[in-house]
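Residue numbering begins at 1 within each chain, and the chains themselves are lettered A, B, C and D in the order written.
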């Protein structure tokens, strides 16, 4: 029951990394939205392995097929099912992983929880599951575009290398101009160097993705438990390898005084309510206030490293695991579209929920 | 639809800060759990205003009444309804707030979303709503105690004053030994001084609450969207004034390499699976691995300050707001039981959900 | 988790028949709806015991209190909590029921399911729970009235006495003109006689309530699982003592041929789509088509009779139960407002859900 | 949001009748259940068109593919996705239906609700969607078999021809011995004659399916809204063409007196609680009492007939529709496995829900 997300705009994902395929059913998308298979494929291509020298050289096409819900280029209001078949899964030998618990992977916890598990790679715990989110997120983004809401994410930290500028000081159009998806060229170059060094040491490194949502109307988000930022937090924390989330002034804001932190309201010349500062990160009382929403997502260094590690097997015996295979030394660049997809899914859901707030 | 939380152990809270009362319905608590009204009241007393010199001098008794679901000291398996009536709400004059949008409060967003709002104090957006969570959390804690699961929270930062020790270096039994609920006496004294200074300057200050969950069995948490830490994150982010959440190595862990961050498994002498380190924070693949869960919650300085501020009214006119009333300069000490309650509610829910994972 | 109903317009009821009280939290009612405590009380009065010679002489005032969600006569968009306190529950002696399983009551199944139960009367399984539904239903009816949707129920059968006319042949304004709530005077008189005879024999009798919903716009109801009639069916079947539900041509329609049963479309002079017949009962493919919705609900004779019956206790011993207390020989008249409330709750929910069907 | 059903054992179906395919995602099935593709296929074959002279001569193979959630013959605890591709959909000409509203179909209501629709056949409103239910129901039946719960359905009425015996007077092993799936040979022969006559008149006819669930343990079903029979009712009413549902004494029981209808408890020689009669239909207070559950489902004559009918198009113009194509004159025989599937899905869900009722 944990494979669905959203209240009115709701996705259910399925699929193991080395099974037949990975897919998603999106239920609740309003009828009449124009969506093409190319738009969904284009989003998947940004997440795809093998797209640059920084990512795993595995080269999977990840071709998406629309199974239902879209007819003559428009959504029907019925569930939209999308499927990406896995490739070559059967051809490899995974018998060395059948009884092993890899460090900081989910092998042990899945084995304990379910008894029976698919040991070929991560199975359901693999980040491959996130392609289902990106596919559905592409449709969410189309819905948001109808209201001029735009989600943009970028890499703002890799290991200790931190982008010191905030999103207003950056040219967000440059995010795709380099392999690490950091809009500041100089910082990007340093990040790329660190990732290459890490790859050459057969290690992995973590980082932070920043995300900004612009054009959000006032009134999205629900009070109390389903606060806009609480759902954004859950959505981000549900992405593989994520260890932290903050928004607006975030963890840094705790050192401020209220007199500094409060965002003073004023009315601009067009008659719109604005705030002088935006420490609130565009959300007050869990509801969007019309200012930009911005947030940060912390990713640990991924657990798969090409080094020899000791561990145990499912009988408690100590074993030695050789690092082999092909993996990303840093998942941050490929996680940018995942963060965008999750933000889009959350916003689309609240957009629909806001329709029934008042008479 | 945002006033419920949990899947199987599910609460629905209700009530405005200055209406008749605040309460909660807990649906899904198994039958046969011993719960007394005193236990619930005791939890509420830790959250109550007026309990120390650091908190608001408002002195509300917050007496809880059990309306249903408990019979002869044990839960019936039917919904447990709890009610705390508000006091004196009617006696004050709130007319100056009828049209005002206080800075960084939810006045503006509620007005925009709902049109009609209760302007007397925070209404539904008031932190007074959290007493309903604490009341239900006391029952969740009883359920956890059946399995020897224990949740403990404490203040680990106030403004820039940061407790440098982690929970294993602290004597958690000392949390209640001072008014700020920080288990380290020296740090507590500095935090108290800062809060007193802040109060005297009519300002407010933020901070961080740390929380540790001990005795968690392997297997709690659901893969993909309802990861244990994703729900903990949502639960914490739904508390008023929270701006950030991380767990395990968190935001600091992003600078580590995978070879440092990976938690190596071993089997201890009792035959239990353990990890040498616990950067994972007790959760792998969204599922508890039997190690301690630890997490941090960032609170902004609260918006209510006793200073003069400019703002606008609901017609867009600039207004001047005088600071008046009685408020907490720092909500952290009183938020400790709220953090504990939310963690307990999340764990109780996953405890039930884990019952149906396998044959 | 079974104490909530509805998706967007969602109620959660609580309370045992002989505990502190019975109540409901309604989450999801849009802000700005005018609702008075008198309107809710008025609905409760139609369900109240003691209102006529046909019902139990127990005379409970069932005074409702609004705990939250309504401010200055209008809904806030926040949860609406309503409470009716029980009277005199403590004063009676229920020790003879502590271990007894009354025939065709829920004593045995509750004991088996929960172990611990409130044996004083029906506890949670009592029809007293339905007053919470009627209270919430009064608010649903107000929401429907905004769109000119009107729900009307009446008693169409008591024991073998069956009203042979359909709703179009009746003057529905006469429903409240007699104690049995049957709009046909002659049939009503016969029903009343039968109920009085049944009461004098210390027995009980069942019957059928018919319900019609007029003014329904096209497009309410969701395809596949949440078909409009499927939810109406579940709602009705969740009422105590209900054994059956049909709508439109119903069970009788199974003997027809398709060429007779099909409702032929035409466009009326005002340009509206109409059907020549309405065997579909106003619903096609699970979605309202603008014609009247009509349905029937079957109630068994209630289990409580004032006769001596054998049964067993919780140790399996055979016992003899004396009929005592005061009970309705026929619940149908008092169930009319309950059927109306459930229909209104279902319609209100689908009214909100229909808001997000298309762009 | 209407394409999912179940709380813990939860299905989400997708697919249009003439799109790429129809499928289902089952989330919440416990890990470790043995399921083979042949078992699922076998269930689908009972629902398949073309299986006898009574059903449509359309001959679709309806081959199911397992996309996820089953590994080495056992469920993983992850979502189980099943897909059946449609055949030949593209090859036909549906242009005559593009603007037509067929009588008593969902063409008009879908058009009104969604604006945009797939006019090729029924689209999402087609009974072809039910194959997804049957596929998932096969897995539910396996889960029930672990606890020796068995669901059996059969045709008990076709048009006016009614089987006068109840399930205890029948040999249920004979259900599959004739094309109409009625276990009484003589009645079956009469039903078959009527269906053949109806087919030859290019008409359709309705009927009733009876269903019995044996081996149900005490305690399944949740009080108040999710009563076992209320969910069974909703599940059955969500099947295409269903107009009514009753269980136990049902609509006939309304004429009884309580003294006749009450089921007297006794303890049998094995120490089990039994009832002398079973008018309750195995459910008391919404919870199974260990006796057989039995219920009836009313199906209208299907709307598709091979006769000329008048109707209107989406501009309100009167049109003449020619009956053409190949359709079932009576869907009852093929609906038997659908009724069984829905019952199995409901029972499986409550089996899991019952796990968390008490400590």
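FYI, a residue touches a chain if its C-beta (ideal position, glycine included) is under 8 Å from a C-beta of that chain, and two chains touch if they have at least 3 such contacts.
Quantities reported herein were computed from a predicted structural model and do not represent experimental measurements.
**Q** State the pair with the higher C-beta contact count; candidates are B-C and A-C.
**A** B-C
**Q** Taking each chain's centre as the mean of its C-alpha atoms, which one ends up farthest from the centre of subunit D?
**A** B
**Q** Could you tell me the distance, in whole angstrom, between the mean C-alpha positions of subunit B and subunit C?
**A** A distance of 39 Å separates the two centres.
**Q** Approximately how many whole Å separate the CA-defined centres of subunit B and subunit D?
**A** The computed centroid separation for subunit B versus subunit D comes out at 46 Å.
**Q** Which integer distance in Å separates the CA centroid of subunit A from that of subunit C?
**A** 46
**Q** Listing for subunit D: what residues touch at least two other chains?
**A** Residue numbers touching two or more other chains: 1-4, 7-8, 13, 28, 31-32, 77-78, 113-116, 124, 223, 357-358.
**Q** So that we know how the chains sit together, what is the shape of their touch graph: line, ring, star, complete or other?
**A** Here the contact pattern is complete, since every chain touches every other one.
**Q** Can you name the residues of subunit A that touch subunit C in the complex?
**A** On the subunit A side, the touching residues are 8, 28, 30-33, 77-78, 146, 223, 352, 355-359.
**Q** Provide the residue numbers of subunit C that touch subunit B in the complex, in ascending order.
**A** Of all residues in subunit C, those touching subunit B are 1-4, 7-8, 10, 12-16, 19-23, 25, 27-28, 31-32, 65-69, 71-72, 74-81, 83, 113-118, 123-124.
**Q** In the complex of these two chains, what residues of subunit C are touching subunit D?
**A** 1-5, 7, 13, 101, 103-106, 108-110, 112-116, 124-125, 129, 157, 159-160, 198, 201, 203-208, 218-219, 221-227, 229-231, 233-235, 237-238, 243-251, 253-267, 271, 273, 275, 279-281, 284-289, 298-305, 307, 309-312, 316, 318, 353-354, 357-358
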